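Below, chain A partners chain B and then partners chain C, in two separate complexes.
For the complex of A and B:
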């Protein structure tokens, strides 16, 4: 049992539903980025999936928009302790993008405009668990939140949902991304509180 | 990474909303300038609330210095600013964050840009620099630009303005300037961020910390001045 802090009662917001341990609910949408926000024009935006053999498949913005999109309603959980409930997004499922990609890789490095990287197991991007999202709450995704398009992997801490997505590199072996090299957990399950390495 | 019980050993008001807190945390191994900690409060019935706070001082000891600015309607910061008193116990975990960090053996010039309580991690950097500056050969030049709404919102102004040949401090007032201030109140501009020796060609390391809107604006000005985005490290708080 932790020490009790004298005089602290807590605000006890009405829990709409369960949230992961150590999180609190915010109505804000805080921004955490390691550097300046890159402004990526849709006309020069491109997403490239590269397999472990080096074979690349790319989509322009128009090609992404031509793919079937899905509406997603989900809670999101940031490692800095805030959770935001019932957020709504629109994006293309990774199942769609990876459908014709031949690979036996088990890991993925997501790469962003601006240089950010984050690593994930490939299986966490499949089976309706991940999207390339380009709308938030019915509006085009703001650059500050990762627009024009970001990865959305809401079952992991939100640093895994790379903003300004430009590429997915499939890898046979696990390699660590930006925050994962800077003290954060390689996998990042919020329900297991996998915050730090 | 484990939690450490920490006891409040000192508290000092800094502004109308900000307060310095000193904790003693046996087992805490210290931190690098710019790092933060998780802080956890526990109510008598076991309810807990956790938030992240930047450290205002780095070191290799069990003392933890924080500056907490009250978030109106917040759950943790009002307790820390108004209610916590010496002897009270809470928990901390850290240090956290390996990127928004200044290393005292890095000779590159350092440009620090703070909005409001975003100055807190920079206090840790200034304090580390002043300690390192006692040793020969460790004199990275610093420039600190602090943007505040009004003079009463300035955190640790005396310490920041103390004469120091290695530190240039510049204050920017957005709503109300002190009497006789040479420029009218207004948002930060490229002129505030430009100084000989702290440009893109000087290999400057840039750190920006503050509310999201401030950081977005300042980082945009800095990359516009030619600072490579990879040399501009940012830490934001609050929504957008």
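For the complex of A and C:
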């Protein structure tokens, strides 16, 4: 993530902010829900990582909160052409969650409360690229934006940042999630405009 | 073809008649009068009584009884793509 260190010379002029091709900037946060918003109470929330051998590791809400969290400032890009700049989130890095998970899998299916799915390469979730986010702009994540916790993978189109996250299934072979099965790109790099398959 | 140039606030929970325009591009009959059987729960009714989530990525039609996805319509640059994997069958209106 971009970390800006200002010297003693005061404010520098804002650098030109690059956005991916075909995008425009909005201050809005449009909601895109393909189904009813699941009402997931933190007391029954659980996140399960399941490896390709079927071994599962789960975290309760309390266990998630006990893990080291990070503040993330990032731009987000929706495939429907809007980008939102400088959004701030707080969440647990996937590097932390997956640190003790034994796997040789290359792909992941993210699963949500409510049945939504989206697929990603495992390497796109590692090395400081992805979080399980539970705060947005300093507030608990609103259910319409995926609360109590959503996946945050800001370098890919935002449909990859699954709302209402409940599980990550690690897979040897690529499988397609909800929008990917319905004609959207399997990877979804906004800088390459990978909108449709 | 719609390209969604502006941020679209999704309007969930419209009845199936909202789909009529979209599906008229795909089906030669009035799709809202077509009968669809949910592959998940077996509920069978006209599309007009299904629940439609019109999102900027596509229209998602869900069973009014069990909320399973019956149909997804995505407007791709090469034309609308309809996935009906959640429907056991779709019966066009007769006569």
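Simple rule for what comes next: the second predicted complex is superposed on the first by the 181 of 197 C-alpha atoms of A that agree within 3 Å, B and C clash if a C-alpha of one lies under 4 Å from a C-alpha of the other, contacts with A are read in each partner's own complex, and residues count from 1 in each chain.
Just so we're on the same page, a contact is a pair of C-beta atoms (placed from the backbone, for glycine too) under 8 Å apart; a residue touches a chain by one contact, two chains touch by 3 or more.
In this text, all values refer to a predicted model and were calculated from it rather than measured experimentally.
Contacts of A:63 after superposition: neither chain B nor chain C is touched. In the superposition on chain A, A:196 makes contact with both chain B and chain C. In the superposition on chain A, contact of A:142 is made with chain B only, not with chain C. Looking at the shared chain after the overlay, A:104 reaches neither chain B nor chain C. Counted by residues of chain A touched, the larger count belongs to B, out of chain B and chain C. When the shared chain is aligned, chain B comes close enough to touch A:38, but chain C does not. Contacts of A:159 after superposition on the shared chain: chain C is touched, whereas chain B is not. Common to the chain B and chain C interfaces on chain A are residues 24, 26, 28, 30-36, 80-81, 115, 179, 181-183, 196. Residues 3-5, 7-10, 12-13, 53, 55-58, 60, 62, 67, 69, 72, 74, 76-77, 81, 83, 85 of chain C are the ones that touch chain A when the two sit in their complex. Across the complex, chain A meets chain B through its residues 1-12, 22, 24, 26, 28-38, 80-81, 114-115, 142, 144-145, 178-179, 181-183, 195-196. Residues 1, 3, 5, 38, 40-44, 46-52, 75, 79, 83-84, 87-91, 96-100, 212, 215-216, 219-220, 222-223, 229-230, 232-240 of chain B are the ones that touch chain A when the two sit in their complex. Residue ranges of chain A in contact with chain C, taken from their complex: 24, 26, 28, 30-36, 78-82, 115, 159, 179, 181-184, 196.
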